[in-house]
């Protein structure tokens, strides 16, 4: 999804990346925590899964808009990647081809990129795991691609249902992928920190046998809502 | 998908709708033509289908951001609908419940709305067809919803993979659903008109037996690409 | 789904069908209304769709438990069908074969059956439409079946996610399929009648331009929940 | 799926079409009947559906092997179509783009083609219905395609799970799509005729109330298999 | 799926759990063996998968009936969990939100629960693996839920296509999830034991090169069925 | 998919297996490399996944054509397996039952088979992993099967969208499954070897920071295609 026909065949070179300190702070939290800290928004669809166990990443988005069966723009995007970036690739239509493999991963890693989020397929999974180059995708597929049609780099894209602007923070782990708008990175990192410290206290109480019914004072609202206990 | 945690629980009253004349002009063209005129962007996912045969619509978007199993915001949105509008509903998560039926359709129609686009389920399909209130959805499901949690009205939403801003033009027919940004409505309508007149000429030639190979001068590039004819 | 290994290879002849008057009364209401009248329970999954436009049915369930690719039990079930019954077929595993076609439909119709609900595939769709024998299925598939393995007839089955006991009322229309337990048929029919008369009043108000916000007194709870209007 | 790397970028001009009389005879039977007459083989996957109600076709296959998002080969194929042919298009990978619309349909129809079977998307559905040009596809999608990469025409293809050789007979109706190898067309047409006359007799017996249990002598084998009747 | 509108908003406190010794005996066998021992019934749909490798569980069901996007009943259910129980959660409609994470897991584990089966989404997967709290779900999704609407606890539910009554035995491993009705637990455990000892003998024979054709005396029935060997 | 009604109920004993040396050479390369070496054809659909991490195989195909819910032909096929073979199983219809488990794996392994490719379900996953018997399937499902209906062994089958002839080379790893026609095995192995040595050089250059834009001389064609860089 792009917002104007003027955005096809375009590479934007200067993008405003989220504040580095905020990105590093966000990298300490999991996707579920960040998503809650944002007000329960910003998640990609749950079909986005890590291609190997234990993959996780946090960095600033360089966005890529692909044509089906064509990974030309991946090479164009490589030049725009800076240390700390994460490539985020969307496609003009649903397509599961293997747009990305170990050669491109070597190139991206040499540029300092921290990983790839792609609403499409990837291949060379074993090599990606050996390289520890984290990728989250909707499919694994050995199908190769051509280099024939223009897409774009660093335009706003909708990837797996989430809007991603270049420079936004992208965080991914076993629970999924979440996008934090660049301008909100610091605020969300602070909210995540507060949430995590609260969770620690709650966890201790739950472990000691306290029930959520009492911890959250739910008994009265449940009764009001009409909950009946029977034997 | 919303872009900030400040956008939950919000109703924006004053939105900038696309130019009326441009909307009317766009209403003369099909979704495929408009999508081509925009440069092949702006389509929703193909799982969005009309709930009855022959449904089609064109109007300006009033956007609705729903919580799963909850249609409270539909009623909030009704008040924001003006003649010529189309309600466009997204949800914070994948959910196929029946968020909309004939009562809400009666209310929307009384407000002058031209139809509904919803990335979720609807019901009372027979009544909707009798009322000629066009709906495009991802599911038909009789499952009812509650009215308990806040979403938003008239914020930017991602609906079935397409970004929709309030006031954008939404066009839907048997081929799918396309979104035209408000600021581009006139330009796209003109491009669609040019495209359609060209198509008329081509259609006549095809009907007369001219081949695309000749009409588009493809024989030479095909040969260069290496196409071989064998017997 | 069956509850005991003693239930494979069994045909139960005497089943308690829902009260006839209640069934006839229920046949006047749509699936969405009946589902609401039951307290929003009893729906099958939304993948169950009519095989031709306008199909609808209401009757008492004769249940069939099939093996994949095998429709032997369909013939066993035919003998158990009485006028006013609806055949409801589940399968031991996900299977989309064409278990049912125009010959079996002729036999079922001759027995007085009112239609078929099947969590599998059917074929001969054009003939079924000509015969006006309503079928709701998860797939249309010409693939034929064999007659080699025992299932059961008139045991409790889970069909498309809903539990169906022999004799229960099954109602299906464009909005889906709903199951009413036999013992509740009268009570649900009465509740549906009340609901429908209330809906008539509401529809008139909506048509006159009254908003749901006012009709349901939602403005205050929305404000309490924190809804903000901005310009 | 193609069988050799030598088959990319190839157009075979002289293909052996199935016997005309056999094709005409086959056109009198439905897909389910033909599939049974072949020994229950040759069906495409059930996701292949007509794009408008009542579509049906029977003809000899001209096969097309497409690249994702690219319909160049459609134009190459047009020249190979002869009166009585059906275009059968497969793709090197799963892709739902709109490879085909009313302009190509006009060209195909002018060549005498009887329709299209495509394991991909199509668009301009309303126009296709008006033209009465039958199409069976896995998706409806307005997404346009480019003309940049070679596929092939008239090589063996696997379309929606079924192997199709150029010249084979393809029959499609509401029940799905079936492929009859050219060399077997006459034999299958005869078997279909025998089967249909038998079905007529059976239908009359079923309509008169005879049970399949008796018509097919199933009571004894059912008893031997262990079927128990309980009250 | 529940059987009556009286079952919404209900918590049943006293449930009859399957015999402890039978549960422990069942815990020694895999899902495939138990499913066979029951007569090939009782399996959940294959979309139910462990959220981390090596997860397995066996225990008595405490059932939970959830509303979409709402995990209030999880907290109500925690109080009903006893050592040896497994929480089994169904939802009134298809929903993939993350109803359950590490805090609730801590609470459930503190109550002595052995794991969770949920026809919906879960999150905090890495923490669940570290805690060794086994969960089988249809999705992994970081999407949070609210606590606003009543469901029920300890009513019969249909979870992923299988009927589960409170107190039934639930067994899950890499092969899937199976439900054993409480009253049949002992009988099924004995049948599983017999089956497993037979399997050991067969395994040794297969390893020694004996063919199933001979071990099961299949050559004659295959010949009778018409199997032909050609060269 | 089979090509003639004469091919049901048939076991072909003498099949021409691909050249041994070519098979061994092919076993050194990954699926993505082999697929590219063939000209980007021969892949199965991406839903085919290894049932345990690290599974990979390469061998000559013995094909099996199954009926839904029936694994009789698995036992017939066992006798046809020779050291170095891979069993490749297709089904007459979509079916996810567990056709294969540890007993059959023991038998296949005793015959010298190198693994199984199946367009259906399997079970006993933990045991398969312990045995290191690699299986690639579309589903994991504990559902057992019967032995009642004839399929075939060593006829051409379409498995997960790819045509497999008996004796073809099948290679599977984390990236998917690819089929190399027996007659092309040597040629493809040589092409794969050339491709892999080229990839090594490219990998070194990418690791050193060379961009694909320069390595592949893409800057000029991108400019010609109209790519614009903006700031």
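Just so it is clear, A, B, C, D, E and F label the chains in written order, and each chain counts residues from 1 on its own.
Keep in mind that, in the parts below, contacts are C-beta pairs under 8 Å (C-beta built on N, C-alpha and C of every residue); 3 or more make two chains touch, one makes a residue touch a chain.
Not measured: the values here are computed from a predicted model.
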Study note, to complete from the structure: A correct list of chains touching both chain A and chain F reads D, E
**Study point:** Where chain A and chain D are represented by their mean Cα positions, the distance between them in whole Å
**Key:** 42
Point to revise | Centre-of-Cα separation between chain D and chain C, whole angstrom | key: 32
**Study point:** Residues of chain B touching at least two other chains
**Key:** 40, 43, 46, 53, 92, 94, 96, 141, 143, 149
Check your understanding: What are the touching chain pairs in this one?
Key -> A-B, A-D, A-E, A-F, B-C, B-D, B-E, C-D, C-E, C-F, D-F, E-F
Review point. Once bound in the complex, which stretches of chain B touch chain C?
Key: 9-14, 53, 72, 74-76, 78-79, 96, 98, 101-104, 106-107, 109-111, 121, 123-126, 139-144, 147, 149-150
Revision key, fill the gap. Per the touch rule above, chain C residues touching chain F in the complex are 67-70, 92-97, 141, 143, 146, 148-149
Review point. Given the complex with chain E, which residues does chain C contribute to the contact?
Key: 1-5, 7-8, 38-42, 45-46, 92, 94, 156, 158, 161-163, 181, 184, 188
Exercise for review: Show which residues of chain C lie in contact with chain B when the two form their complex.
Suggested key: 30-32, 35-36, 40, 43, 46, 49, 53, 173-176, 178, 199, 202-203, 206-213, 216, 218, 222, 225-231
